[in-house]
Amino acid sequence: MANRARVGVLGASGYTGAELVRLLLRHPRAEIALLTAERRAGLEMRQVFPQFAPFALPKLVSIDDVDWLGANLDVIFCALPHATTQKVVSAIFGAIPATKVVDLSADFRLGDTAAYAKWYGHEHHAPDLQKQAVYGLVEVHRRDIKNAHLVANPGCYTTTAQLPLVPLIKAKAIDLDEIVIDAKSGMTGAGRAVKESMIFSEVSEGFHAYGIGHHRHMAELDQEFSLAAGREVTVTFTPHLVPMNRGILATIYVRGKRGRTAEDLHAILLKSYAKEPFVHVLPFGETPQTRHVRGSNMTFIGVAKDRIEGRAIVVSALDNLVKGASGQAIQNMNLMLGLPEAMGLEQVALFP
Amino acid sequence: MANRARVGVLGASGYTGAELVRLLLRHPRAEIALLTAERRAGLEMRQVFPQFAPFALPKLVSIDDVDWLGANLDVIFCALPHATTQKVVSAIFGAIPATKVVDLSADFRLGDTAAYAKWYGHEHHAPDLQKQAVYGLVEVHRRDIKNAHLVANPGCYTTTAQLPLVPLIKAKAIDLDEIVIDAKSGMTGAGRAVKESMIFSEVSEGFHAYGIGHHRHMAELDQEFSLAAGREVTVTFTPHLVPMNRGILATIYVRGKRGRTAEDLHAILLKSYAKEPFVHVLPFGETPQTRHVRGSNMTFIGVAKDRIEGRAIVVSALDNLVKGASGQAIQNMNLMLGLPEAMGLEQVALFP
Amino acid sequence: MANRARVGVLGASGYTGAELVRLLLRHPRAEIALLTAERRAGLEMRQVFPQFAPFALPKLVSIDDVDWLGANLDVIFCALPHATTQKVVSAIFGAIPATKVVDLSADFRLGDTAAYAKWYGHEHHAPDLQKQAVYGLVEVHRRDIKNAHLVANPGCYTTTAQLPLVPLIKAKAIDLDEIVIDAKSGMTGAGRAVKESMIFSEVSEGFHAYGIGHHRHMAELDQEFSLAAGREVTVTFTPHLVPMNRGILATIYVRGKRGRTAEDLHAILLKSYAKEPFVHVLPFGETPQTRHVRGSNMTFIGVAKDRIEGRAIVVSALDNLVKGASGQAIQNMNLMLGLPEAMGLEQVALFP
Amino acid sequence: MANRARVGVLGASGYTGAELVRLLLRHPRAEIALLTAERRAGLEMRQVFPQFAPFALPKLVSIDDVDWLGANLDVIFCALPHATTQKVVSAIFGAIPATKVVDLSADFRLGDTAAYAKWYGHEHHAPDLQKQAVYGLVEVHRRDIKNAHLVANPGCYTTTAQLPLVPLIKAKAIDLDEIVIDAKSGMTGAGRAVKESMIFSEVSEGFHAYGIGHHRHMAELDQEFSLAAGREVTVTFTPHLVPMNRGILATIYVRGKRGRTAEDLHAILLKSYAKEPFVHVLPFGETPQTRHVRGSNMTFIGVAKDRIEGRAIVVSALDNLVKGASGQAIQNMNLMLGLPEAMGLEQVALFP
């Protein structure tokens, strides 16, 4: 790798694509060498995202028109719609096996082919790659990521829920059968999809739950929580939509096991994350607001006592487009390339 | 009472006061005869709420300057800050004992003086009245309200939680020890208080929980759920703030008892509310959005199956200023005056 | 006509259609007898607009499936996309010539066929009807509307600009060559169209102008201002989008003619609208906010002095879906049916 | 100066103060050495702005408790309320005359003491400093700023209006007597002041004008436009409030002089700003959106043709807290310290 890694972003016309570009433009060791978009192929990035007008960027091209060998990419980010990535990644590795890939879709998050087929309704198109893929929640799988070839970047909801819960589960500190995750997301979590339910007047000045009982992120939670627990764990999870652009907040209801109090749970988290650059545990009793992590790669976690003896309420917040997607993807890239993990991710949150 | 009841609104410069005026202006049997406001005394209502500019309304006066006898009021709504109402209501009943009062504050919601002292930090100033007051959740206490002299209008969060839960508790259909209420409210729920945490840029584009473990509405929930259950019930309740003006939504996690499924719970609610004008139970599996009840006195309730066997997710939504406050207050007034319950409350929700 | 006029709403799945339904449900002399929608034909109205779940309404049908004779409609509202209405209205009048039609599209607003062809890029499909159509700005054309068969309901921007400007132009009080209209609209002005530029995250937390120099509403302004002036008038008009659902505000820059001051202009407007139920002129120097007319059929107008001698700033505000569309359409219906003009339109604005 | 300039931020508990901290935390040659706040003195910055929780920052102190000599500051930013700065800056220069000051208030923006007295209603408390102060619109006064001791950072509205207009005025390309500036600002432009008119529910879902005919920013515009023109210039200026946090957009109506077309005006701006890092002129006919400069120090300017012969519409957009306040202040600091002008200001806009 030269001084700057040559980076490709597939699916640059979506929000996670744009967020990758925002962050990579200021990454001292990266150079944006390729941007793809299908319907917008042939356009300049500024026509799709005017905020990039002041910057020199490659023109958008179709994936089909990419000369993979000639492009000479060190890393590729796939910010493509779910289910389309499998074939693309297979093709990439066929052409340029040494390139590293961070996939932001859900395609490689589930290690189990049966689970994939169950939740996504069809067989996986690249089962071999599925097995190789490393689940990219850095704070949990850092070691494996460093040596990975293909990283499956976690979902935004699942990152928000896992960061507070995995240490508690590993510590056997909470009852595994009574975890309730009530999650709330800003609208960019749904991407730039053009649907009636996403237009401004259908979203503004209102609040609602969706996907109750059957949201696909559940599969990821099951996999990772079960791994952490060493037994099967199934949680209750309800996502909601908040009339805001960015931010995701999970209110998590747990019961301490073997006498663990809310204070004990707080102490476990505080210790687990003492050295992590992107997870900040608030003082006991304080809980986070999404606005205070906006635009940054930080996760804020708080723990409070429930008034019911033995129960605690854990709240975590992050920016779904940064730590919940593109920031975490760059964190993965940094590890895969042997760069300092926090490089290019030091932006301070934008509030107000 | 003449053809139109003479109505006074104490605290007309706040949001629930303005909402009472909005509704009363179109109530065929009410006439706004008195509006009070302390800091704004002497102003016209249009100077405090410009939307009323086209209407003739009494000038705002201080409560101290009201000639209660001369005012000749049939009903008085108290939309005063919590803890100030007790003395005002005592004074009113001293001067004009036949007048009926609907109090929108929390002052008379708790029937138990010890509970009041515990949650509010001081002795009740009018314990006799506290005993007479009827808790004004119409769908539960309709009969008592009809004969009441003083009605304590329920809180917005508690109305949202009680309407779906009371029938399930009464039917002994759910586990009383595992109820989790995750509630989300628009900003008008906090009133027109001028605090840093309420200014636009502190609220917009963000989401957070507050009052975890110690919100005063818990006392009301305890009282009413325990009454419905015939034993003490304590629930987990977490309120959140949504960057929107109106609307409150509660996501409620319950476990069916004695084999009751989510479908069974839905059937109980459907039956309980079949004839209620202001509670609408959605088809099984559908859940409500706050925007679809905006500006109306309706409550929408939905029930969905959790993926965990035996658990259900119940979601309710209402407009915190209407069914959660002023609309419910007028519903109470109608009952107290022997008028049709829905009179003046037939507005269709304003969406978008 | 029976006690209740039988009303049809064509295009009931859009926002102006829904707003007609909201208002008609509470109109004492109207009955909703027909609702059409093309892509949603066969659905219940509650599936398209859940706020109507508590009400009995006809199922949505395709226009092609309507039996016009059998439907026996007294009035039809066309809330269809621009350019589709012409043929539909021709067909309706062919089948049931006595029915009255209020068209909310732009199809019949321009009386001049050449102007229509210029602004819309094609010949008018029903030039005979175009000539018969009466322009439905009630405060200006009330007399003609009473006898009209087909009323072209004005656009939201143009209503906002005309109500303050027409009386000033008629009074020859302002310089006709220096009128600048800077208009700002909420997102429902763009309808329920599903376009990338309308999704929440493209709209929220931002502001922009659009259609500079070539917005179609200009043609309507030219026509009506020229009519009022008795000579050709061309104004500068720039629309902008505000991240809010409802409301439109025009800031209008004018220069007094023959020594007319801002105070004089205010006096002219005050006098012009002294008896109008839906136009309220604020005290001199005060200017309106869109939020104070939300959900109502009111227009608020204010006049302030510019610091440049002889110039004034006139600001008007209304709810684009009510006085800017469906409310005005019902006002037209009332006149056409000989009903009191304000019937069913007395809702008080919803603020906050 | 050491490798990192020691920087003080007076008034760190307001929004422009927080924005300075956000930017300075990532400035490679700056070190935050002092933070003051009066009501919040004694608190940690994280208690006032939780987004800074992960960073080590000095505790907030009262200005009265600062040991100016001991603090050893190279630069001081004053983000204090208007009218309080004059005395503070006098005191600072009395104690540490070599320190450089960038004042973000309006106190030193007007060079003329009579103009100050007229617009602010009292004599200036530091008339000598007022004369020394350099007006800090970098693109216009860069040379003077480099040698300045005290820079008066421009207002947000005036920056938005001056960047497009000053080059056109200097080029004698537009009629000076017909300039209309219709400006729209997000709510952070009003600071963190706790007033009823600023609470969420008074702002959300609405739009209005304010300060018509007498906004203090007019004095700045008069001064700078007159300087650019070499004669007295008075413009029409109307500010409005948009329900969004950040962003300011000015729609400016001008008439070309001596045959200048909109295209000519565009060419002048394109040339003027060809080498400026923080002003980007869009292709002719395109106009900017505030969201595309959010969080960045960029100004976007567009020019479009009016349909009235000889008139043009110029639109400019910037982030009121960055280029409209704290970013520009750091741009000024960089110049005053001899650092590269764009240092620490390269953040890419945050959209969505």
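Order as written gives the chain letters A, B, C and D; numbering starts at 1 within each chain.
In this section, contacts are C-beta pairs under 8 Å (C-beta built on N, C-alpha and C of every residue); 3 or more make two chains touch, one makes a residue touch a chain.
Please read all numbers here as calculations on a predicted model, not as lab measurements.
J.: Enter the minimum step count from chain B to chain D; a value of 1 means the two chains touch.
T.: Minimal hop count between chain B and chain D: 1.
J.: A-C versus A-D: which interface comes out with more C-beta contact pairs?
T.: Top pair by contacting C-beta pairs is A-D.
J.: Tell me, please, which chain's centre (mean of its C-alpha atoms) is farthest from the centre of chain C?
T.: So the farthest one, by centre of C-alpha atoms, is A.
J.: If you average the CA atoms of chain A and of chain B, how many Å lie between those two points?
T.: Those two chain centres are 40 Å apart.
J.: In whole angstrom, what separates the CA-based centres of chain A and chain D?
T.: 36
J.: If you average the Cα atoms of chain A and of chain C to get two centres, how far apart are those centres in Å?
T.: The mean C-alpha positions of chain A and chain C differ by 45 Å.
J.: Specify, in ascending order, the residues of chain D that touch 2 or more different other chains.
T.: Chain D, residues with two or more chain partners: 15, 186, 188, 201-202, 204-205, 243-246, 288-289, 291-292, 294, 351-352.
J.: Hey, how would you classify the chain contact layout here, line, ring, star, complete or other?
T.: complete
J.: Mind listing the chain C positions that touch chain D in their complex?
T.: Of all residues in chain C, those touching chain D are 178, 180, 182, 184, 186, 201-202, 204-210, 212-214, 218, 234, 236, 238, 240, 242-247, 249, 251, 253, 287-292, 294, 304-308, 311, 313, 315, 317, 351-352.
J.: Quick check: in the complex, which residue numbers of chain A touch chain C?
T.: 15, 186-188, 192-196, 198-205, 243-245
J.: Where on chain A does chain D make contact in their complex?
T.: 15, 18, 21-22, 25-26, 49-55, 188, 204-205, 245-246, 280, 282, 288-289, 291-296, 298, 300, 321, 346-352
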